[in-house]
């Protein structure tokens, strides 16, 4: 099938089928073969290759779907966002290298930023000129923000920041840090939290990478030692930024990476295609155990797609998303982690005589299994999600 | 193979192989075909048939293994008890209709009973002349004994008892109730608990059967309305009886129904034999899913046997069993409940054209599936066992 | 019916009332009550006295039936009335004069069909003809063998079809479409059963006090309930999704979501019973009826065979 | 060796010390330390310089290796030294002069064998000969292909055997007995790994404070840890049991308990990592090494094929 590399961006009014067809065609025509994780020609893309790819997606009308036109977005709705996500998921492309910027910093700045900040930051995020990192977690605080210690002290027109952050994804490459500090003391608990956009080249910032079990160094500890920033780096009034972050996090938990359900399916396809490419692995596909487990996974993927599409319907109808993102996050992470175990058990049958596609799958799904260890931890652990569902969705009394 | 119906009871000194061989031979030669749950000729045995069977087992030296000879027992060790249990488990015989007497009342009376009580009660339990029921649980107390309300008030040489019990197994057929009461008020919480052996024909006792989801009426609510018993019905001083019960319960949790692991295996054999007897069901045994699940179950059964045998070794070496019975109870109940689901899914393929053995398995394993709902509830729920393991085995601090 | 403002979810309340009423009556009276409320003919054509609505309007009705544990072949009657088109037979179902059930296993060709609910009380039964289509049979012409092992009150029925009288035939396309609809409604029914059980259990856990606190204060209980909710919601969302075509107007496969719904509902019901403790094991607590019903449908779809089929289909699609 | 009072469990402490010492040294020095402590030749005959003890004495040693995450083919060397009898080869292994590993998949006949640990550093490798027996090969004569996908530091090795030099041959009976022993030791190794992880995790949960209380105060955490303990203890009890013959002096099948140990250890390790939160996902927390090791053994036994085989065997036994 011939795929045109640069078809015209369709008018969203033409309907989801047209936009989805366009997205599908553009992505498949333009994603380099070596960036497709299910291709035998795959090699880990460089940061610049990822940046260029995402920038070209943006230029093609496939990023910033819901951001206002005035700040570089397409001004469309979650509906088109979902349509694009389905096609993003269906193709084994790399994860965004700018997810903190696009999913967290951008939405927070849209909520609490000054007009100047919006003009400055937002278009650069979409066009992949700036990467952001997130400075919320601290070594002793965990999910308990009342224990946050990083301190911001006003000194005339500037702020002096001291403290330490951990689990900061992409700190090494980031241009800005979305930094959460407190203006008072730890005794203030949840009051007095102040957010900044701190340029990462500010003197006094030191990044120490953390190696994760999947072999990556994608997160880091970040030390702030007498870091001075101007007041214009402040995002909102004290507490305003953090309150916005809480809202954004709860919305983003529901709307972020909507492609996950479709990527999950894409991975399942990759796994099966790899088995089919190799006579010995193909016999596994005749085994009732794998057939049944695959059938269960297909059912889970459909249910997950249902949760995602319902979220979009719900929000398009003007409802607040509330805590419902926890259902999607929890369901996805548990199903996908179990799938990662299943996939590992299949690719464990690969040996040096297996097909090239099977070899590729072996690497991809082994890494995926290791990475999946984090899926029940990040963005709120399983236990946190269960607490949220019990308390905020089911309204179960803790005590009479 | 010819099986002698009445071989001589061997001397335990001859070693476990001899005793096991004897037990195996005797049980297989004497259990009526219609009482074997894996036989096409099976029909639910009557209470009298069960009584006669257990009485004949006792006469054959296969019950009361560890009870003192002076009270009708065989005066042997847990080692012989285990040996017999293995063969009891390996044959699909009915559950004991006198388990409360044999597993609870008997051991408690041995611990706190007067010599007179021991002489009176113990031999009659073993010879199946008396059935006992257990009167511990109450409607509002659950596992929280501090809320026990059934009251015993001394009146001269007698006690007057008022209250209500629930989940009393076998109350309708029982001759005696092992009854837990309190002498003071609920404010005393765990103090002042007094145990009695109450004849069930005492005026003022009313039994209301409870139908369970497996269709049986094996437990009941029992109402005590101004029930008068002589002081000789008292088992131990206040608190003594209950403290003995706690010890007995913890030992029994570990040593009771040791046959379970071997019965579990016996059920798995029955299930597979039923499949093999029917061409359509036999194809399920070629399905990798069922093969793999059966393999996992076999591994679980072996681990369970290991836990049981280790308990015997441990106690034979003079150690206290402590909370370790919780490991066995929990592991058995979870594995067996999951197996019941697997078995149901297999016998769900039975239709009117299936073999007689398959029809029998359909009935047996459907009932087993329903009954298995109780296995994570009775004798301490799964949650209670997990709490015990966390606290008493792992010594996990609840607070610093 | 041309009322475009009608919303499927509005049917739930009305259905719940009719079903609750029907549950106080005998089988035949129940037929009248359910039919009079428009439930039996919700998808039947107007000329048969039906409301001519899509399957999405039957779904909330059937979900209520699951929630309320209705023992009556409502989803079967709705579907068969729909499939029979404008015929007199459809009118008899829509009016409650007749009741139909569906034997989900076997076929006319095999002369044995099974897993029909309430066959003893119903008039007609739909079976596969063994050649891709379906056949509506007069239950008076078949021998009914009941298997009460799983549910003595509402046994699974097997039908010996040696002298079956065929009342109507469904062509392969109609029968296939009807099977698709049945997957959706059965998924909706068992998911409704799970939703009802979850509500009952959460309420019980919130009011049942032990050691001075409600059981729902215990994290183990809260987390288990939350997990049950997650599964039930996911399954529900999947069912809603399969009602809709995709952006390209293709219908979606219904089997995966039925696999998911059956597994999730069984989990929710089993755990609901467990969480009720001793009470959960009594006949009195009605959750076991729902569990039996879910297990009957599970058996009807070959207990695991459906998941295997979904897996095979997906594998073949690659 | 005639000291009848020797108890297997007494070996654990001495083994732990030697293993801890070995972990500070390079591969060759480690061989000396482990051999000098009597570990390599624990089951080798006395004429080969071994202790001539039964496999039950190797078990606590190997469990310690699992617990301490020793990266050295200790269980392989112990087993191969045992199987080689009184030969000079056995003496070289018992003395630490040579180190042997075992390729658990493939065969000489297939000219490909795989899933050998530490093949790059070892001298010899045992492989199936493809006709029921085993063959000890000189690793210098085979081509080693490493697959670091699961474990870049200690990759899974595949061996191309086209010009393999055979040093010794094991007959079918010896090889079968050795495989039985290997199941026990591998089960013991992964169970030891689980035991170690559980201890680490329980300690972390008891000291890590959140919202003013240790994480172990949370019931969800306590219950998960308790469940992990149950699995680990059950698996351990099963391994101990399989060491002993039954009342009739029959040996017991070792595969079921290996299936159980591999599954339980993977569960315990995965959940241990999960319970450590963000810390659990870092390379720094060493539990991931143990998880990789368990997954390598799981792969070596065909990742699920072993459970299927156990199921088939049981089915055939009826």
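Which chain is which? They are A, B, C and D, in the order written, and residues in each are numbered from 1.
Here, contacts are C-beta pairs under 8 Å (C-beta built on N, C-alpha and C of every residue); 3 or more make two chains touch, one makes a residue touch a chain.
On a predicted model such as this, the values are computed, not experimentally measured, just so you know.
Novice: When B-C is set beside C-D, which has more C-beta pairs in contact?
Specialist: Counting C-beta pairs in contact for B-C and C-D gives the edge to B-C.
Novice: Taking each chain's centre as the mean of its C-alpha atoms, give the chain farthest from chain A.
Specialist: B
Novice: What whole-number Å value describes the gap between the mean CA coordinates of chain C and chain D?
Specialist: 51
Novice: Quick check: how many Å separate the C-alpha centres of chain B and chain D?
Specialist: Between these chains, centre-to-centre, one finds 39 Å.
Novice: For chain D, jot down the residues that touch at least 2 other chains.
Specialist: In chain D, residues 218-220, 223, 304, 308 touch at least two other chains, as defined above.
Novice: Could you pull out the residues of chain A that touch at least 2 other chains?
Specialist: Correct list: 287-292, 383, 386.
Novice: For the protein chains shown, what form does their contact graph take: line, ring, star, complete or other?
Specialist: complete
Novice: Sort out for me which residues of chain A touch chain D in the complex.
Specialist: Spelled out, the residues of chain A in touch with chain D are 137, 142-144, 166-167, 210-213, 215, 287, 289, 344-346, 348-349, 351-353, 362-363, 366-367, 369-370, 373-374, 376-378, 381-383, 386.
Novice: Which positions of chain D touch chain B when the two form their complex?
Specialist: Those residues of chain D that touch chain B are 202, 205-206, 209, 213-214, 216-217, 219, 222-223, 225-227, 229-231, 233-242, 247-249, 252, 256-260, 263, 304, 306-315, 318.
Novice: If you look only at chain D, which of its residues touch chain C in the complex?
Specialist: Result: residues 218-220, 223 of chain D touch chain C.
Novice: Going by the contact rule set out above, which residues of chain B touch chain A in the complex?
Specialist: So the residues of chain B in touch with chain A come to 287-292.
Novice: Using the touch definition from the top, list the residues of chain C that touch chain B in their complex.
Specialist: Listed in rising order, the residues are 105-106, 112, 114, 145, 147, 149-150, 152, 158, 160, 210-211, 218, 220-221, 270, 273-274, 277-278, 280-284, 288, 295, 298-299, 302-304, 308.
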